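In the two assemblies presented below, chain A is common to both, partnered first by chain B and then by chain C.
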Partner chain A sequence: MIWQQLVNGISVGSIYALMATGYALIYSLLGFSNWAHGDIGMIGAYIGFFSLATFNLPVWLALIVAVAGAGLVSVISERLAYRRIRNNNSPTMFLMIAAMGVSITLQNFVLVTVGSKFKTYPQILPVKAISVGGIYIGMLDLISFSVSLLVILFLYFLIERTKFGLAVKAAASDMQVASLLGINVDKYIGLVFLLAGSLAGVSGVLLGMKYTVYPQLGNFALKAFIASVFGGLGSVPGAIVGALFIGIMEVFVAGYVSAGLRDLFTFTLLIAVLVIRPTGLFGKDIQDKA
Partner chain B sequence: MRKSKLVSLMLVIIILAMSLTACGKKASDDVIKIGYVGALSGETAVWGQAGLNGMLLTAKEINEAGGILGKQVEVVGLDGRGDPTDSVNAFRRLATEENVIAVIGTNFSSCNIAMAPIADQLEVPLIATAASNPKVTVDEDGNLHPYSFRIGFIDPFQGQVLANLASAELDAKTAGIIYDIGSDYSTGLSQYFEEQFVANGGEVVAKVEGHSGDNDFRSQLSVIAEANPDVILVPWIYKDVALIANQARELGITAPLLGGDGWDSPELLSMAGEAIEGSFYTSQPSFANPVTKPYADAYMAEYNNLVPETEALFGHDGLYWIKDALERAGEATKPALREALENTTQFDGLMGSMSVDPKTHNPAKPASVYTFVDGERLWFGDYK
Partner chain C sequence: MAGYYEGLFILVGINIIAVLGVSILTGFTRLFSFGNAGFMAIGAYTGAILSKELNTPLVISIIGGMIMAGFIAFLLGKITLGLKGDYFLIATLGFGESIRVIIENMQSVTGGARGYSGIPMKTNIWVVIISVVIAVWIAWNLLHSKIGRNFQAIREQEMAADAIGIDSAKYKNYAFVISAMFAAWAGVLFAHYFSFIVPIMFNLVKSSEMTITVVIGGLGSLTGSIIATTILTLLPELARAAAEYRMLAYGVAVVLIVTLRPSGLMGYREFSFKKTVAWIKNVFNRKKTSSPEEEENA
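== the complex of A and B ==
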């Protein structure tokens, strides 16, 4: 059973990882935790649902529409809610509060327009599992794990091997100097929001396919946030390791200790990290941990 | 001068009006008024309106057959909006202004828990429909509300029916349970299931917990999968049931799932699909039982092909139960009706045969069991 639980944990963790990398990207650049990140994923899940269920698009196209849609909403949220605050040189606290506002706005927008009813994705894949030596691996898990892996590899390539990555890293280390050196910081911040929003969209669609879609779906991102704190806020590899660790830990606590105590363990870990090692596993910067 | 003329005119009108209402009161001696409180507006109006429709239709049927004790039946429905305060107000008005002999409603435990003490105080019998909390008929300290009754069964009963179904019909020797630690309904049902299942000689081999709102139950289900029970109790609401069913099948669990009336939604089939095939759940007897066909047809003929909700059956059985009790009592007074309702040993309605426990006012009656075959919900039978 240990192996089965490990598989369960990795499958939960890989979706946390997609979410956590988005947190890490935005944190590394702007130094604040984007509380609306999970809700952008929720919007992606709804766009995917309607593309499939109402407009009968093929799966690949629905995925693209959902991911692009979530990315777009993310960019718009940056334009409307964060850019002005940033240009005013206001404290990062203001950005966090604005993000909470965006989160509530998005949730209520969906509540009013779509309603609070739970939606289920049309069954694209039959409920099937591959059995490997007595361990059941769900088809959907296999797919979501591979998608997560591909997306994360792509992200790594983007940041480490392209001019875009270099510019983002430069802006992250010192925005003013980067802008003096001719980097259009606003443009790159917009692009990072597009990227983070798209990642949230991917995880939203995967979550929607695996479970159900509802306006509070974005709340699961709290776990992804803890993962990114654990891994070291602002560090993309840290977020991935942290997410997998939390996914596996949750599954083992629920399976061997008690599901009721699962969140207790997760949040205790958060407090322990903040008290004992505020930089997390791979973090660099100890100042204003949000 | 003018003013005093106006005043005297008004006085005349008032006196006239009073004498008219007095006349009205006299005439009402030949009529038995029965009240209904339900949500006639708002989100849950679909149930309240069905209950009232059912009662109006049934009253017509009773009147055509000669009424109760030779008197005509008149049904008065008031809107309780599914809200405890509004329901108490509606009940008060029915009792004090409309002078009803009894009130039927509501299907919400919260409303009936609020109305029960008022019913005792005004001494008007109140019959709850689907409200399933034990506290509808007994207060916090376990004392009986003498004027509160119910037609539906209570939560613990479903657990017993499910355990008996598992032992007798499905030949289950071992059971797994996954329950919601945040819900009284779920923990209660699990507890009563377990007690009865163990009493039947079965063994609960795995009992795991979860939280409504968790979307992933696979780590708990893996524990159940390893214990490999014959049946699995899933006392959750349909949305969680759909997730649990899909994830259980994904982990290779093939045992039938069992559940209570939280499963009772057409959404379950569309959300869970094949994963729910071959599973069973208990609920209040409904129109799925063929006995109810003539009544359902009459209902649809009366109300422009409106498909009746189960609440209409409660309205029907409630009214016939009052008729049965009044005829046994031989007089149409509230205390006599109360006595007769309390001492019901057998009343046969469309929802099955029931008797009343005088100590708790809970009915002993069958629960309906439903199953899923080929993507459709089927009525499996009624069980006690």
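== the complex of A and C ==
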């Protein structure tokens, strides 16, 4: 029973992890929490749904379209809203408020154009579960875990082993110096938004397959957001650890304590972690500079 | 129809009281909180239970709700106000959502997720008018006192404020407690107007709405917050015909204001009748000389 719960927890946690890395990436560069991140995932889920159900695209193509679409929406939101605020030299909190506006806009845009009805993904994956030593693992859970793992490994490679990653890390550590050294910061911020949006798109499609698609699907990202805070804002490994931890804890609390108290445990843990370690597990210490 | 307009008026008044609290916290001390709906819930439930179970008069219920919320805010502020920026915001977000879940799980006392009903309907238009006048008076005088100036010093730069001898930890906690008490005040009035409350009324969306209102009004303008609250409460009602599109328009408006007019409607300035008259005169004079506009609404 415990192992079964652990498997379920890891499956939920891996989807949270995909989203949480997106939060961490953007925070590490711009120092704000992209409130609209979950809604971009929601857009991805809808694009995936329509390409499968309405346009009958093959699965791999639908996935690519959904991920690219989510990435594109993310880039557009950066161009239209966040870039201007950065150029205005407004406080970083304004970025977050703009993100809240983008979130409301995206949710209601879908509500107006598509409607509030729940949509169910067509059956493209077998629903059967495989049994390993008495533990049942759903095919979908297995696939979402493997996809998340692959994407996260790819992300690691991208950040640690490529020129792109080096430039992003340089811009994250000091944007002005990075641009003095000849890094086109605006271009890299755009690319990071593309990357984060695509990650959100992948998790949106996975969530859509696991549950259903509806305009408020993005609210799932709140947990991923908490995970990224828990792991330390702006830290990608922290976000992954935090997401797995929260996923597993939620499943255990729901299974052994009470489903109604699940969120209370998550939020209490969050406040406790912040009080004991104000910068999360792996976060950098932020101090006011004189 | 008179009842409809009265209801709108009451709603605007209640929202103004809650937003004044956020304005003090966010506009004047630059602390962003997503927990104010939680304090509103604490106030609403405390006040409602006092009125229904102990038959206390409305004033006592309001004071009871405010004390309860203020006390909890004091404790929460003590442990979380050391956090910086986003981390503080997340802690208050976690708090606000926790309060909602706790109320949902305290079936026997609060009625749980199905709500708490049978609250005496004591909030009428006069109660709201008196409350708003008192709330604005308190907020205005507070912000023009030593405490208010200390808040603004912390807003401009916390380190500098510390350096000139302002105990920033103490004053941040003051601002937090005061904003929680305003939220609770609004919550009690809210409960006694609808006579029925459900925990989901006080969720994250409500908290973020209040913060957005303050930003739109202008961070650092009390009158800006009041004007923004009035507009944002009335607009959706006037645009009933386009109900489907009003939230979409709201989202777009938030993005436009933050990107194109970052200082909000009023910026740091307060609305003043004299200056408005001067501005209108100026507009007419300018038309004669036809010079390009330079001064914004003051």
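Note that in this section the second predicted complex is superposed on the first by the 285 of 290 C-alpha atoms of A that agree within 3 Å, B and C clash if a C-alpha of one lies under 4 Å from a C-alpha of the other, contacts with A are read in each partner's own complex, and residues count from 1 in each chain.
Heads up, the rule we're going with is that contacts are C-beta pairs under 8 Å (C-beta built on N, C-alpha and C of every residue); 3 or more make two chains touch, one makes a residue touch a chain.
These numbers come from a predicted model, not from an experiment.
After superposition on chain A, the partners chain B and chain C are seen to fit next to each other with no clash. Legend: residue contacts after superposition of the two complexes on their common chain; A:P278 is shown touching chain C, with no touch to chain B. When the shared chain is aligned, no partner comes close enough to touch A:F49: not chain B, not chain C.
Contact with chain C, but none with chain B, is seen for A:I226 once the two complexes are overlaid on the shared chain. By the document's definition of touching, of the two partners only chain C reaches A:L270; chain B does not. In the superposition on chain A, contact of A:E250 is made with chain B only, not with chain C. Of the two partners, chain B and chain C, it is C that touches more residues of chain A. When the shared chain is aligned, chain B comes close enough to touch A:N8, but chain C does not. Measuring from the middle, so to speak, at the Cα centre of chain A, the directions to chain B and chain C differ by 70 degrees in steps of 10.
In the superposition on chain A, contact of A:G260 is made with both chain B and chain C. Overlay on chain A (Cα): least separation between chain B and chain C is 5 Å. Overlap of the chain B and chain C contact sets on chain A: residues 258, 260. Listing the residues of chain B that touch chain A in their complex gives 181, 208-211, 214-216, 218-220, 222-223, 225-226, 239, 242-243, 246, 249-252, 267, 270-271, 273-275. Chain A meets chain C in the complex at residues 27, 32-33, 80-81, 84-85, 88, 90-94, 96-98, 100-109, 111-112, 222, 225-226, 229, 233, 258, 260-261, 263-264, 266-268, 270-271, 274-275, 278-280, 286, 288, 290.
If you check the complex, the residues on chain A that touch chain B are 1, 4-5, 8-9, 11-12, 118, 120, 123, 126-129, 131, 136, 138, 140, 207, 210-212, 220, 250-252, 254-255, 258-260. In the complex of the two chains, the chain C residues touching chain A come out as 30, 32, 79-80, 82-87, 90-91, 94-95, 97-98, 101-102, 104-105, 157-159, 204, 208, 211-212, 215, 244-245, 247-248, 250-255, 258-260, 262.
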